[in-house]
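Note that subunit A is present in both complexes that follow, paired respectively with subunit B and with subunit C.
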Partner chain A sequence: MPSLRLTVLNSLFRGVAITLAALLIPACSPRQKLKREFPPLPKDVDIITKPPGRYGGIYINVDPGGGPNTFNYLVAEDATSMGAIGTVLEGLVRRNSLTEEIIPGLAKSWEVSPDNKTYTFHLREGVKWSDGAPFSADDVVFTFACIYDERFPNRHASDYSIDGKPFKVEKMDNLTVRFITPDIYAPFLEMVGGGPILPKHALQKFADNGTLMKAWNIGTHPREIVSTGMFRIASFKPGERLVYEPNPHYWRADNTGQRLPYLDLYITKFVRDQNASLAAFATGQSDSEGITPDNVEWVRRGEKAHNYTVHERGPSTVCNFLWFNQNPEKDKSGKPFVEPYKLKWFQDVRFRQAVSHGINREGIIKGVLFGRGTPLWGPETPANTKWFNPDLQKYPYSPEKARELLKLAGFRWNEAGELFDSAENRVSFTLNTNQENPIRQHMATVFKENMKDLGIEVKLQLLDFGTFVKKIGESYDYECGMLGLTGGGDPVGGMSVYLSSGRMHEWYPNQKKPATAWEARIDELMMKQLKTLNLAERKKYWFEVQRIMSEQLPFIYLITPNSYEGVKNRWENVEIPKSGGITWNLDEYYLK
Partner chain B sequence: MKTYILRRLLLMIPMLLGVSLLVFVLVYISPGNYLDALKAQRDIPAEFIAKKERELGLDRPWYVQYVSWLGRTVRGDFGESWSYRIPVAELLAQRAPATLALSLTSLVFAWAIAVPLGVFAAVYRNSIFDKLSALSAYAALSIPEFFLALLAVIFASQWGVFPTGGLSSIDHDYLSPVGQLWDYVHHLILPTIVLGIGGAAGLMRVMRTNMLDVIQSEYVMTARAKGVPENVIMFRHVLRNAINPLVTSLGFAFSGLLSGAVLVENVMNYPGLGQLIFQAFMRKDRDVVMAAVIIGSSMLIIGNLIADILLAWVDPRIRYDK
Partner chain C sequence: MTSDLLHQILRRRAGAFCLVVLILFYVAAFFAPLLAPYATSDQDLTKTYHPPTGVVWQEGRLAVRLYKLVDPTCAKYEAEPGQFAPIHFWVKAPTYHFLGFIPVSHRLFGVEAPARLYLLGSDETGRDVFSRLLYGSRVSLTIGLIGILITTVIGLTVGGLAGYFGGVFDSVAMRGTELIMAIPGLYLIIALRAALAKYFDDSDQIFILIVVILSFIGWAGTARVIRGLTLSLRNRPFIYAAEALGQGPVTILWKHLFPNLFSYLIVTSMLSIPGYILGEAALSFLGIGIQEPSTSWGLMLSQVQDLKVFMLNFWWLLTPGLAIFITVILFNVLGDVVRDIVDPKLKTQV
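Right, the complex of A and B next:
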């Protein structure tokens, strides 16, 4: 017996000793210093106006999106992939997120012809791709040839067309490109000028043999993904991280001739959910993080310990709204999508206004967002400073006003305070929303309580995202929906929502011709704003659309959560815009 | 034996057909499809969605889709991932090594713990050690894997010695080869324990019972009576006979090599197959899901076969041919 005990104990001890030794082996081998290359600056280098910084530093960002699916601009459909592509591929123009101005990118200047249909871009001389190949007008022509190529169906082709007619893209000389649009196209500079330019020398062979859609996938060697942006890809590990290093041929520099970016490395680490990325930031493992209102309080507690600051950015661009199904058509079996007597309520603007008056938006903000939100009265949130119309019809919380409006519309209450219409139907409907978003669920609950005060019965039905999308976009068998859309940017992004023929004109999509006079007016205004380059005029049209939306209330706007961004204090030149990503000027970041 | 194996392999065909048909139909009737994410974006034109639907074949009835999928798969082509636009086989191959590494380390871990502890518990039956090990085994068996994984993540973030997830640190590319190897090991420790501990507990109990069975057999008594030293009895005679049933469990372990770590991988952010497959399920990236199911069920069937063969190999009393 004793010998056995010894043997077993011995082997146990040995195991423990090996484990301990393994734990203590020093893992610290010295980090290699980044070897920078210093090829000469291009002739048309972009000199920044800020005081010069110094080289060094690693910027770490944690992305809850799980990493890019592709590096191919024609394939990318999700924000994470588009973000990665935008980091390596520049457009002809860029946007200053702070001032919302269009500023020069790969093109140093441009002119618009008097008829507002021809754009001539003058490219920067001497700009090179990260592999040293020269950048030229051929790349621009190649990019648009690929986008319009029937063999490579992609989401951009129709963005870059007017009524199905593509833009004409011509090379004038090596550094001059001309675009001719078939009609005036207002968001041209932002939409087309800002789109990434693809490298002809690297992708031509894939375009020739028809495999362009398979090129630049997540298995492609990083060196083959050439860049005109501030960074090129150093390594990519699917599901783990994407490491960027400075592009040695980047075309921006400071006034002492130091080529940007100052950073040694930019690392994006992938996780699978928002909480994990937030936890990484709050424990000091990443440099910046967007923070939702419900998390601000506890994240702020770590400010001192981990040397970061939580900045308030004001209202976000997320627009939460609910709407009633006003689709008067019938399904294949001849059954109307909406009960006819209910459709009558939903189509009555007084009913919709009464509902809006009955919603306690301040209560939602206080109860669900801890006071960190802003009530909404129209399609744009105040974050979109350029396009936000502050002068809209507002519906402050007032059950009395709501009752008045309902009375006017012929509704009445019984002794129990329940609401009935003139044909003695109990006013009751089902609200659908998707179950993945907890904040929206809470809002739906508050809404239900608010409606109960008016005698309206609301039933909540939470659906999974796929089912919900199908209901509102295909089968139309629902009464009331609640959704949040990320808006912002140019009004052209809302064409599919506001045009009565639009796919996302949720209350009654895909109309053959506008069902109401005000929808016809919106159609007219949306087309008008698209066909002029005069910003003041575009604003006037879009402001009127917002005004009509706030009066007619096909969407009943609720609230927008405020947005917060945590950033480590060690970075200089952090400029947080009202909306959009904060790393838009990452090339200017340096360590304090 | 050969005909037996052949028969079992032939039986795989109807089995896989059934499984694939079932999963295909389930994916089809579950609400929504791959294009939902596109439909929810306001700036994607309807024509593009319609074009995409035709391109992916989603506009055709499900049986047509199934037949065309089957035709491709039979020829060894798992198709292309819709969201990554690369061949499914390539996508899976990219992630498989990480999962394989984790499965193997946890298997080794489970065995390395279970066998000695089981032996110990049997030798000192009814001692305080035996009771403690039984208690901890029941505890380990009754804690769900995902919960244990969550605990491990919290533990890692509080203590700071182990990484909170992933397969390598962010400065991995800039480490020396030894440093890189250590980095992998360092990241594997927690997931290995989480994934292995349940198996270890089960194996340990089996080991203990087997040992006790054999210890009570007559030939052990004979050996003792002859004065054979106790450790020779235990290691040369008892252990060898008691471990036989565990050998067959290796066959079952094979079936879980690629698909056994889905929960742990997702909770601990471990970039393996499980994470990829879970994401493909959520995204309804059909061909990835189908390939994962086919591989998973093939491995289960083959694993069972291996277990049966191993059983015949270690136990001469079992023969499959008449």
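Right, the complex of A and C next:
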């Protein structure tokens, strides 16, 4: 089996090879001056408040994976594609990642009607697309016409509607657009206002002949992908690199009239995996890199040699949790998804609380994450400062408490310390999780050991991600699952998780009517928070949902790793937010 | 013939060395529950990425140094001067059923908790790498033997019958082997693994699944060579004589052909065992082989494919790689020696 032999050797020494390769490739890039065009600034130019910088510099980013799959907003599903689209296409409003405020984007201002259902946006005057064509209200109307067009099925149409009813989008005049929502829609500005606006002049012909879904694919010439963002695409080689150059018609400038961005080029290189992109950063070949807690220490050792700093960002927005399948229904052949006697344990809140008390979160953080993590007690991680409720029911590691709760729930132990329920069934279940994530695998093995201390037998079954998702979302033939979700942002993102009728209400999805009183209460609160624009009230509702989740524990929350970002010291205006990408204000970056 | 072969191997220095070391490996694997100080899943979250503990002679007995975690952010441990924990022999341990039915409540050696004996350091959840290496060797070492057994039986049957009968049977059998050999091995393995995984959920069953998959890929080559050898033996007078005496094909195959193929079989088996060890390692490395909570050398390696292992110098985590390396070399050298013995014409050395 020579091919196998080679694979093993390759894999064995891959780590070494990457390190060697990283050392051998010279870390230099061509330093030719970029020829800039200077068309006049638009009338409603956005003047930044920061002191002016200097033109020049190449910002290099190294990403694992093959790069974007498409530049078409209606087609894009993955984060890399959406990131690239977000770089070239602006929305009506933007979000200041530092203050989490909504700030003007392509619209310079907006008003909300007293009934909270009508939004009027005033667009910036004189803004042009990167090819020089004027930007106007027609582009906004065109964008929403495309999203709602049934010929172009896309994932945004359902987000941009309430109970299946779309928003009305009207052009008032060339620079004014009005949105009318069928009902109050709280996250309108974040969700709709921030969505990219498509160019009518460039895409109308595809919309007319029905080929819009095929437009702006990765084979499209970069010049055809026109931009309102800080950059336009200079070239793209799938699997290799994506090069952006400044958009000559960008609508932001500093107070000396210099048009942003200061950067000459923004390059994203694509490499095979996380290890390779980390090695690239640690050897000074890229300008920024997200660093996992276990790698922080050795990356820090290169800070002096390669002139970068590893910044601590605090807890990340990744929420790791496990849950028991509480689905009482039966499959097509009449077999229940979960053994009825096991379902009885899983539906008992004392059992779930005992399990939560039995998990050594601090140990996982200390041992696996080198002390760089935060225990979680509810659906929001502390990274989401705006929506995080710190006042939740907590379950510190305490096998004694866990035993007490189990005893209360009618469980008992035999002489060997094995746990049995009141009907003499051995307490044992299988934990499913996906195998790709090493930290989650460690959490699973620690969980297994923790449960063994309580007399509970846990079997591990590691599946590839696709199979796992199918199990929890379609066939429901599992007992216990472990997953991590990237949270953060507005609670509206969790509608499909927390509503009992939701598709991702993992412990018992797609309920016809809420199975328990507390699920009914969560449904009510989630609908209430959606239908008011009053932030304090929305917070109150969402905080109560978090509280119920922490008491009832349909999800048993585990930990969140802290997040770290390494950035080269040569950049001015680096502002690292608590969550989200650090390049949100890349247009303001300049060389020190 | 077997005892003669053994005798000849032992007379050669390289052969004797490889054989003895391999037997030691297998004995260690067999008695893993006794030899390993800990179970594969015994964690200690306060001692993750612990370096190998130093063993010293202290007050007339063996003892291990005690360590203190000086920098938790990079798992840096330092030996505490003057602090030792004595190593006890034949210590009491949680009862374990050796071979599934002999209850054993002792381990060969260990230290008193909370001190820990890490002969080869600990991994990311504080499990003992030495113990895991021992238990892992059960998978990694037996997979070759079982695999060879299966492929040899299938190869011998298919190849032998094809060579003996010829004609349509021969064509069908050989086209079958060609079909299997035409598909790139690793892709076929991955495809089979994906297709069959849902029927094997328990980790012990996955072990069997992997042996079956690897054997399924491996038998074709053996079958072809056996067929060739059988074809050449088929026309020898002693076969005709057996046929004239009225012996059936199975008897002829077993009594007359098999002994003549034996030397070839033993050499190829010896030389293809490393293929299975590496195959298992490759599958586990790709995340589709042995899975937690079981352990194997390949799985242990795949769990450390991380830059920090190199950068923070957790070298002990790479010992499974060394174990694979040594085992493969031992089998290859032993295979060479055996080949020299049974077929002196192929002898490479002067």
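The rule we apply is simple: the second predicted complex is superposed on the first by the 560 of 592 C-alpha atoms of A that agree within 3 Å, B and C clash if a C-alpha of one lies under 4 Å from a C-alpha of the other, contacts with A are read in each partner's own complex, and residues count from 1 in each chain.
Here is the rule we use: a residue touches a chain if its C-beta (ideal position, glycine included) is under 8 Å from a C-beta of that chain, and two chains touch if they have at least 3 such contacts.
From a predicted model like this one, the values you see are computed outputs, not experimental measurements.
Undergrad: After superposition on the shared chain, which partner residues are touched by A:K513: those of subunit B (first), subunit C (second), both, or neither?
TA: Neither partner.
Undergrad: In the overlay, answer first, second, both or neither for which of subunit B and subunit C A:V469 touches.
TA: It touches subunit B, and subunit C stays clear.
Undergrad: Of the partners subunit B and subunit C, which touch A:A279 in the superposed model: first, second, both, neither?
TA: The answer is both, since A:A279 touches subunit B and subunit C.
Undergrad: What's your read, subunit B or subunit C touching more residues of subunit A?
TA: B
Undergrad: Of the partners subunit B and subunit C, which touch A:K335 in the superposed model: first, second, both, neither?
TA: Neither partner.
Undergrad: Applying the document's definition of touch, where does A:K35 land relative to subunit B and subunit C: first, second, both, or neither?
TA: A:K35 contacts neither subunit B nor subunit C.
Undergrad: Which positions of subunit A sit in both the subunit B and the subunit C interface?
TA: After superposing on chain A, subunit A residues 1, 3-4, 7-8, 11-12, 15, 279, 464, 467 contact both subunit B and subunit C.
Undergrad: Spell out the part of subunit A that touches subunit C in their complex, as residue ranges.
TA: 1, 3-5, 7-8, 11-12, 14-16, 18-19, 275, 278-279, 282, 294-298, 301, 360, 363-364, 366-368, 370-372, 430, 435-436, 438, 441-442, 444-446, 448-449, 452, 459-462, 464, 467
Undergrad: Which of the residues in subunit C come into contact with subunit A in the complex?
TA: Touch residues, subunit C against subunit A: 41-43, 45-48, 72-75, 124-126, 184-186, 189, 197-198, 201-203, 217-218, 272, 274-275, 278-279, 281-282, 285-287, 291-293, 298, 301-303, 305-312, 321, 324.
Undergrad: Flag every residue of subunit A that touches subunit B in the complex, lowest number first.
TA: 1, 3-4, 7-8, 11-12, 15, 22-23, 25, 27-29, 31-32, 60, 66, 69-70, 72, 75, 77-78, 153-155, 157-159, 213-214, 217-219, 234-235, 237-241, 243, 267, 269-272, 276, 279-280, 283, 463-467, 469-470, 473, 485, 493-497, 503-504
Undergrad: Would you tell me which residues of subunit B are touching subunit A in their complex?
TA: 30-33, 36-40, 42-49, 51-52, 55, 83-86, 90, 94-95, 112, 116, 119-120, 123, 157, 161, 164-168, 170-171, 173-176, 178-179, 182-183, 185-186, 229-231, 234-235, 266, 269, 271-272, 275-276, 279, 284
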